[in-house]
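Following are the structures in question.
Below, subunit A partners subunit B and then partners subunit C, in two separate complexes.
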Partner chain A sequence: MGLKIQNVSKVVGGETHLRQIDLVFETGSRNVLLGRTLSGKTSLLRIMAGLDRPTSGKIIIDGQDMTGVSVRKRSVAMVYQQFINYPSLSVYNNIASPLKIGGMPKKELDRRVRETAEMLHLEGMLDRIPAELSGGQQQRTAIARALVKEAQLLLLDEPLVNLDYKLREELRVDLQEIFRKRSAIVVYTTTEPSEALMLGGNVVVLDEGRVLQTGATAMVYQRPETLRAAEVFSDPPINALDSAVTHGGAVMGDNIPVPLTGHLGRLADGAYRFAFRSNHLWLSSQEDGDIAITGKVELAEINGSETFIYVHHGKSAFVVQQEGVHPFSMGNEITVFINPKHLFVYDTAGQLVAAPQATGPSNRRE
Partner chain B sequence: MEKWADNKAWFLVLPVFVVVAFSAIIPLMTVVNYSIQDIFGPGNAVFVGTEWFKQMLTDTRLHDALGRQFIFSGLVLLIEIPLGILIALAMPKKGWGASASLVTLAIPLLIPWNVIGTIWIIFTRPDIGLFGVGINSLNLLDVPFDHTARPSYAWATLMAMEVWHWTPLVALLCYAGLRAIPEAYFQAAKIDGASSWAVFHYIQLPKMRGVLTIAILLRWMDSFLIYAEPFALTGGGPGNSTTFLSIYLVKLATGQFDLGPAAAFSLIYFLIVLLFCFIFYQALLNVGKGEKTS
Partner chain C sequence: MKIQKRTFALLFYFVVLIVPIYWMLNMSLRSNADIMSSFSLYPSNITFENYIKVFTDPTWYSGYINAMIYVSLNTVMSLAFALPAAYAFSRFKFLGDGQMFFWLLTNRMAPPAVFLLPYFQLYSTVNLIDTHIAVALAHCLFNVPLAVWILEGFMSGIPKEIDETAFIDGYSFPRFFFTLFIPLIRAGVGVTAFFCFMFSWVELLFARTLTVTEAKPIVATMTRTISATGLDWGLLAANGILTIVPGALVIWFVRNHLAKGFALGRV
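Let's look at the complex of A and B:
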């Protein structure tokens, strides 16, 4: 039982938005569609909802072909990036609107509306209209409208992007709690790897209308099968340096020797791309075996309590993520350290050859 | 911040002050000046206090004109606003159809007012006008159509002229309002299973509140000040049937040279327009807000 997407493609005006997507979502599962903007997340959601017809392929819900069935006849609820509520209706009536159309008895309706409002901390503002609410409250109302229906399929299209940082964190925590209690298929799209990791469940990594990888979110994060998937599933995108293995030794980037120990031990001779996440780079050596990479600072960007340092190294560049505020001058020499145990190895075509050992909860900043 | 050593910044406000003085304050004060004096000729005027105001407020011809004016403006709003909304809803959303309908709608707005009067007079003339000749050849009316023949004919012609001229403005404003609604609203309504009436009532209409407020205010003010059309058509006739406030005012001021009463009349007229704009604006701000749940 669940939702099955069979070989779905979508072409709009000669432009391919989705290419032969095959996915299965189990009832009661939480799923994250992770991808950059224009990767096809929204197109896929719209097809799942029944708002759009796929150019080819099938949508099968609980074993029934629902491809051409109108959205009105499906059990779907959707939350958008923008805060979509009926502007002239009170919060109460907004939440009640999907139930009213279904013709639910008044008592039952009232109970469900109040229950849902409570779940989203809207009890105190049931009489207000959306324009009188903050952005976070407006989105909570929209989410309440989607939840109250108890639809089979709950779709959320980047619901938190338009909220400020603080509200986003709050709502994200609430949502996790709410999703856990649902029996519906929850599909949530996001561009942010951290959001995907937080929501857990399964992840579908999308890129240019193609599915790059699917699986349990933490698993996919630890073993991105392609360099592209690793780039999408890292923020800042994963860094990669051209490397080569010859006669039992490896050289990364601009002649940095890398000892072939641990998961790197069985690499055959040849050209590779060694990749590493920005949060595994340090400004000082942390433990034995760390290798040093030197480069020139191109830009240092202070973001909240973190500093992102863009470093030029030979013909390539990479980003270092450091906690704390570190002022750097452009053009200065910099040496950063990485432990080889954090290196991902991809072949020149971008396929995963070796991934670091999953270290579980001790992994920092993830 | 450092405090300015002098108040030279005031000079920057001066140009605006001068412009407003000449465009609004001085002309208005001239009218106020006339309204409290009896003017016999240049340099020969007598102060009369509020006499002209009393006279105008009890003038039955003014009362009649005011009544006609309310009926006319009321009808204009009742026809143009719903019609404009309907046209806007029916217009194509994109493609060449959208451009074509926008251009077509804009045509009446580009024609000078007195030309519109002339066009419609010719169109409705019983001897050569397409409409006049056409309707009379059908023999449906007991008195042959001629806008000077019956008050109802003159009114019908005026209403047609006004609706033809200004409904496009309402439609264009509503169209802009409708286009500004994000597509996601309609999708959300579709997912809810809402009917198209519900979509209109709960999404489109509330979202058009802003542009509709402007449309209603503009059309109210403008139709309340109507002059060129009835002047061109019948000059206020037949009888006094299309003598609206501005027609009567002009007759008084430049026909009979009763400058004092006309000035008092102008001020009363101005206050009425202002009062109604205020009432409409307040009403529209609050309409449909917060359907309370108990």
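Let's look at the complex of A and C:
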């Protein structure tokens, strides 16, 4: 039972949007499609909805081949990135629209609409038209319309992207609550790793129309199998420095000795890429065993209450994420610290060799 | 001082525009003898006999009725053809869509006189001469392309996702089109209907050639009467005034939509 995507490809005007995708979504599961823009998230979603036909491959729902079936005959609901509502209908009628088409009795319809509206805090605005609502309320209306019909497949295409920060946080919390109660397959696309982690469930990491990795969201975050997957699943992208292991010792970047302890202990001699997330870097030594990396400040960017410091180290560069506002002047020498237990090890082809031990609380800021 | 200058300029412009119409009104309220004998800036002996004649003599008032009939027919037909066509152009990509859209517009590039002879021949063959539908059909030649052009602009302003959402919700295409989509482009439909009305109402060449007596519109009656009854100045002036009225009324009703249409850049 569930939805199966079999060897699906999509080519538009000679450009490949999706490459041989094979995925299975179980009924009642929450799934996040994570990928950068143009990674094929929306293309895949539209094919799952039945709005587009795949160039090749099959969509199988509950054991039935639904590839060519019109979207009208499927049990699907979709929320777009833009706020899409029927501008001429009131909020009430917007939410009621899928039920009315289904021919639901008035009483039952009224109950369902009011229940859904309450769930999304729209009770007071049922008589207004969408143009009279704020952006957040418009998107809530669109989500309510998608929820009210209790479709088997609920698709959300970056629904929170066009909202301001505060609204996004609010809706995100609400959505988690709502998804938990659904028996439908929920598929949610996002570009933000933090959003994926918050929603939990399963994650599909997409890149350039290909599936990089699938699995439980937290698991994939802790063990990205390829460097590319790790880059997609980190914001800012994970940093990687060329490294080498020789005679029981490791050197990272330009002459930074790394003790081969813990999960690094079993590395064979050879060339590697050591990778670390920006939030595991510190401006001062945090605990014993931290190693120091020196570099030159290229740029310091203050983003909200965080500072992103772009550091040049030899031929490579990395980003440090720091809580708080720290003014830095360009070109200054800087020393940052990382504990080897947070290092990911990839081989030169980008395949995971060793990942840090998964200890829940050590992922301090996600 | 600047504002006064501008007011003066506008006033001057307005006077220049209104003089011919005022002169027509002036003439329509005087008798023929009065018009011919004396020059007067305003009618001193007001008479409504010209208007009474128009409203009582069927050769005159039937002209208005005929014109109304084929203009309404044409507006309905143009919209009926143009709405689906414009939807296709705005929503689908198909082989030669750009060329086809341009081809539609080229229909407006030839002067109507070019089509006069083939139309007359064709319409007489199928016995359509002197019917309302003949004129309405002929006017579709330049009204349908214009309607498609205007409506396509309005439709392309509506996100495609609204269509998709409706289909996901389970709407059938006709139900979506008539209950959800048309209300969204109401202004566009209004502007299009206005243009169809206007072109069809003022068009003389086709209307005169394709009609004899049964469907003869007022504009044709007016041109033919000049020679038939001598120069009946007062009567013609009264007809002129009455012919302006429907156009003015329609403009009054769609003026807000029209402004919106101009703002969208397709009118």
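Basically, the second predicted complex is superposed on the first by the 365 of 366 C-alpha atoms of A that agree within 3 Å, B and C clash if a C-alpha of one lies under 4 Å from a C-alpha of the other, contacts with A are read in each partner's own complex, and residues count from 1 in each chain.
We adopt the following convention: a contact is a pair of C-beta atoms (placed from the backbone, for glycine too) under 8 Å apart; a residue touches a chain by one contact, two chains touch by 3 or more.
Given the structure is predicted, the values throughout are model-derived calculations rather than measurements.
After superposition onto subunit A, partners subunit B and subunit C are found to clash with each other. Look at A:Arg72: by the touch rule set out above, it reaches both subunit B and subunit C. By the touch criterion stated above, A:Gln82 is placed in contact with subunit B and with subunit C alike.
In the superposed model, A:Asp127 lies in contact with subunit B only, and not with subunit C.
Legend: residue contacts after superposition of the two complexes on their common chain; A:Ala49 is shown touching both subunit B and subunit C. In the superposition on chain A, A:Arg228 contacts neither subunit B nor subunit C. By the touch criterion stated above, A:Tyr92 is placed in contact with subunit B alone, subunit C being left untouched.
Touched residues of subunit A were counted for both subunit B and subunit C, and B has more of them. Across the two superposed structures, the residue set of subunit A contacted by subunit B and also by subunit C is 49, 51, 71-72, 76-78, 80, 82, 84, 86-89, 97-98, 101-102, 142, 145. Across the complex, subunit A is touched by residues 182, 184-185, 187-188, 190-194, 198, 202-203, 205-207, 288-293 of subunit B. Those residues of subunit C lying in contact with subunit A across their complex are 159, 161-162, 164-172, 175, 180, 183-184.
Within the complex, the subunit A residues that touch subunit B are 46, 49, 51, 71-72, 76-78, 80-82, 84, 86-90, 92-93, 97-98, 101-102, 126-129, 132, 142, 145. The residues of subunit A lying in touch with subunit C in their complex are 49, 51, 70-72, 76-78, 80, 82, 84, 86-89, 97-98, 101-102, 142, 145, 149.
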